[in-house]
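Letters A, B, C and D mark the chains as written, and numbering starts fresh at 1 in each.
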Amino acid sequence: MLSFESDYIQGAHEKILQRLVETNMEALPGYGSDKYCESAKEKIRQACDCEEAEIFFLTGGTQTNEIIIGTMLAPYEGVIAAKTGHVSVHEAGAIEHTGHKVLELPQHDGKLDAKEVQQYLKTFWEDGNHEHMVFPGMVYISHPTEYGTLYTKAELEELADICRSYQIPLFLDGARLGYGLMSNDTDVTLPMIAGCCDVFYIGGTKVGALCGEAVVFPKRNMPKHFLTMVKQNGALLAKGRLLGVQFDTLFTDDLYYRISKHAIEMAEDLKRLFREKGYRFYLDSPTNQQFIILEDSQMQKLQQEVAFSFWEKYDESHTVVRFATSWATTEEDIERLGKLLIF
Amino acid sequence: MLSFESDYIQGAHEKILQRLVETNMEALPGYGSDKYCESAKEKIRQACDCEEAEIFFLTGGTQTNEIIIGTMLAPYEGVIAAKTGHVSVHEAGAIEHTGHKVLELPQHDGKLDAKEVQQYLKTFWEDGNHEHMVFPGMVYISHPTEYGTLYTKAELEELADICRSYQIPLFLDGARLGYGLMSNDTDVTLPMIAGCCDVFYIGGTKVGALCGEAVVFPKRNMPKHFLTMVKQNGALLAKGRLLGVQFDTLFTDDLYYRISKHAIEMAEDLKRLFREKGYRFYLDSPTNQQFIILEDSQMQKLQQEVAFSFWEKYDESHTVVRFATSWATTEEDIERLGKLLIF
Amino acid sequence: MLSFESDYIQGAHEKILQRLVETNMEALPGYGSDKYCESAKEKIRQACDCEEAEIFFLTGGTQTNEIIIGTMLAPYEGVIAAKTGHVSVHEAGAIEHTGHKVLELPQHDGKLDAKEVQQYLKTFWEDGNHEHMVFPGMVYISHPTEYGTLYTKAELEELADICRSYQIPLFLDGARLGYGLMSNDTDVTLPMIAGCCDVFYIGGTKVGALCGEAVVFPKRNMPKHFLTMVKQNGALLAKGRLLGVQFDTLFTDDLYYRISKHAIEMAEDLKRLFREKGYRFYLDSPTNQQFIILEDSQMQKLQQEVAFSFWEKYDESHTVVRFATSWATTEEDIERLGKLLIF
Amino acid sequence: MLSFESDYIQGAHEKILQRLVETNMEALPGYGSDKYCESAKEKIRQACDCEEAEIFFLTGGTQTNEIIIGTMLAPYEGVIAAKTGHVSVHEAGAIEHTGHKVLELPQHDGKLDAKEVQQYLKTFWEDGNHEHMVFPGMVYISHPTEYGTLYTKAELEELADICRSYQIPLFLDGARLGYGLMSNDTDVTLPMIAGCCDVFYIGGTKVGALCGEAVVFPKRNMPKHFLTMVKQNGALLAKGRLLGVQFDTLFTDDLYYRISKHAIEMAEDLKRLFREKGYRFYLDSPTNQQFIILEDSQMQKLQQEVAFSFWEKYDESHTVVRFATSWATTEEDIERLGKLLIF
């Protein structure tokens, strides 16, 4: 069946598999100390234009979020996030499992508003009772957000300024970062992110890899003995090469950008289709996730031919659904979808 | 360089890579709900001769140990393990990170002694003060152990009886299970383990997979909402197919057994070599890990030509080192080693 | 200075101190196994009209909340609470420190709305993605709430019905329970609470004791090995008599009710004063905490003569403040306050 | 019945109760910010001859141990302790509950051997695999130990030197510190402890208080936002005065020393009794806990007249038991015991 259900329904980009096959029988040291991890790190440093960046490869998004938050916060601190942030709602309480509260602020198309963040911080520190409360110790944003939206360069810089003035790190969850960077409607670049953020990750799982996220600490601020804490969290792969080879491939010949770009082109084609057929968009997303409002009977009919995700009820008779493109979406997929939309 | 450093220095068995390539572009649902995971589970149930076994795929050994122990123990319980157990010494405190104490008992060539386990449990429950102590809530054994040794069928059954009489689960860490099952010197089978143990895992990472451990709950005793707790621990892969395809391949046409058998044959050849040259063994291991006592200058010389692991100091001038074979060790590797041992 | 700052500014009721002095040199066993603890438990069982209630004495409110929530929830569960619930905002993240999320719902004068709780539970279980979310595993209410308000019998019963139908416990935080039970405006009794709730506590710290909260499990549902978990949380007093003697005294000759009643009378006098002088109430509280809206310059003037608590900004030029009476408030205190309110 | 069961069977020294009564109705701010807490801290600073010491009052020993260890260790660190250390065996896993491993070393009459500590640290840092292990991050000692024994000044200094050279804190559990300081056989003083240790506490619960331990950070090294972390652990008393008044009284007119001295005199009398009657001592304790080896039938007979603690089985027919004196033991108690020992 035709599927736009998510950006992780296929395996890996063929180049990645090819490199895994080619390097398979080399005897390499374990736990991320192999030459492919080193090479991948160096290429990412260059892509970030940040020579001193420290980089660590982890397996998936929730794991990465909980390890970053769990190791960078003091016990008395929590993390500010939008109410719709992945860490707030879709990680089964992984953040709280590390002992930290997610301090929810309102979301605006999935984004935090810098002014509201600032107000929250100001109010906290002015409260005479704040020693009995959870200290805001980090700001978490996702980019693209869970709604496919993007921060502008100006918005990121404003958040970074606020974080700097309150001396708390800004953490950017880039599980779908490629699709954000290659959007037609962004002025944000990887070096800019490395400049603004205190920690961020470049998502692999949803952008062409079998698994893997590349965590970047751009300011020589990787927590002390990070590897040991990763091990303690059960997240250190014995065969670290699995992540090294994948990221080394993704950052060779701009593969990461090229496949992300392709997903964006497919998303633009998909948007055009829906727009032409008169469908309503729930919001305007410039990346690979598109949110459409379907009348319920229409939705049920469509579901028989194409897979997509339920997002939320819109009203009594309508539903918001998500169509996701990815590096693996083909022009033929879009064409087939187009034919199904004829009503 | 020739390497016997560990059993995770190469990638995966070629059949596994081949299947990953073949299935790569299929659109599959995420989080372990795909057909390859289902097929792998069914094959493992058959291999265990346990139709009702519940199976869950995780990524690596430490992760598996901490999730099993963390989800099966009550907060007031700890886990009994040999002083040399992996959970005691080489997991960076992962078990304590879940809030549970490792209750160390003496080791005998890496194994627990059933009588000592029984005595410990008896003493605990007779102690009038036991409410102020950590309740022994599980027995952890590794098979093969960290020293390559194996429990006999009788020993396993005795441990199982003791656990049953104290109503605590027996957990077998099978990170290297294949090498144990295919040893020339064992009467333990997979169905027997499924009968004795309350939970165990079949290691993939060290037996031919890129990553992956198959956790088996043979008694319909998988903790409630286990998937959610795995997610909460950051251990749920979006592309669960990565584990499903690998285990499906390992349990097709006895691949898991065949490659394990090969490693055992290589280990036997290696043992013969060392024995013929008059080397001393630290202990008698019937599996793929061999522990040799080297005179220090001899060790330094050998290190220049072949990689192996430091284990521990034996005395002032001698060191215990480990040579590990694996599914990937070749006859040529053994031959080359033989030539290096001529002194 | 005259103080209405809180209900824990004095020590203990004189009868309590007297009993501590009288029993001081008796040799008693430790850890809550003494005869005063037993006697206090029996008297509380009678007051609750619940013969089979299991009772445990803890030291303070936050400690009690985190131990109850931490020991009664499964790892994948969180606790539903009003956004203004003490566990949400004023316990320094104690609940998250135990690994559990506080699932915030809107507050209505400090209370949860049963319909909203039901809707939340319904929506959660209908969500196809709920395995990736925090399971609602308990409903927490405070009675009186942080705003001094009270649930009615009907409201409590409705919440209890909902909890029962979703098989999750209803937990009532009674840090100020005496003041709720003795309100002029309530139809809720202690036996009724024991019937509706799965766990609750009778606050001592704020109602006449030096410290101490009596946790009641009315349904033979005290978590297994609760004492050991209390010890593990550092909350088991060696001299458990300190809590036993206090609660034994509070539940002798209705002392707990009588001193609570007194506080309510003082609160009613205080309300009358403010009402007569034309002050605005932030909301209508029938218990010992009264929330007044003061014009800021008026507030600053009043602060010089009497202590009260800042609650929150009302608008640019007004502030909500709290005046609390207690068992220790005297008629003279009220009179003195009356004189200060003359403007 | 005559009781030597422990040093916490009576309430508090009469002076403490008297002060609680005298100060009872004063309106004081909460959470340890009252003047009695301040005064007590100042007196303790003087007693420690350490003007810059930061002091915090907690309720009991296990609570204090877990908060100190939990807040001073990094996540990747554990605490070195003797196998018989209270944190290892009698706190229901409270330390592991905070996520940290207790790294057990051999005990010598309850004490750590400095050379063994040094060797452990040296071995750890030389191990090429130490990133996969728990980092030793603190040394815990009890003084007096669980066997009533004491470190000498030279031993403490040696431990302090080792800790300093490895840059880890030395933590002294002084739950029974008074009895150690007043022993006839010690050269250790409070100022000396403040000089050697990085954190320690002065026990109140077992030395005349109803409850309470005074934690001392002598080197301006109290963890940041310690009060918030204490609150988060449920250990912040609303009526902090309860602890303040007690320690203020204990450190007025040398009360703490005087009552400790009395307990030591009683212990010396008790030792003399046992020695004269030809009883065997399990070890030589210079403090208030005495360990006697009783023949089992003799033990059962004695138990009918006097309460004491079972410690451990000595052999088939003998048992080690503990007799504890305290500030509350009277000469009459000793005399009565003497009469019971006539056989």
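In the analysis below, contacts are C-beta pairs under 8 Å (C-beta built on N, C-alpha and C of every residue); 3 or more make two chains touch, one makes a residue touch a chain.
Worth saying up front: this structure is predicted, and the values here are computed from it rather than measured.
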Legend entry - Intersection of contact partners for subunit B and subunit C: A, D
Inset, instruction - Specify, for the interface formed by the sequence copies subunit A and subunit B, whether it is same or different in terms of residue numbers shared by both sides, with half as the dividing line. - result: same
Inset, instruction - Return the chain whose centre of C-alpha atoms lies at maximal distance from the corresponding centre of subunit B. - result: C
Legend entry - Whole-Å gap between the CA centroids of subunit A and subunit D: 50
Inset, instruction - Starting from the mean Cα coordinates of subunit A and subunit B, work out the distance between those two points in Å. - result: 34
Legend entry - Centroid spacing, where centroids are CA-atom means, of subunit A and subunit C in whole angstrom: 42
Inset, instruction - Specify, in ascending order, the residues of subunit D that touch 2 or more different other chains. - result: 75-76, 91-93, 97, 131-132, 228-229, 231-232
Legend entry - subunit C - residues contacting subunit D, complex: 1, 3, 5-6, 8-12, 14, 17, 20-21, 23-30, 59-67, 91-94, 97, 205-206, 210-211, 228-229, 231-239, 241-242, 307, 328
Legend entry - For the subunit B and subunit C complex, residues of the former touching the latter: 70-71, 74-76, 131-132, 135, 224-225, 227-229, 231-232
Legend entry - Parts of subunit B lying in touch with subunit D, wherever the complex brings them together: 75-76, 78, 89-93, 96-97, 99-102, 104, 128-129, 131-134, 310
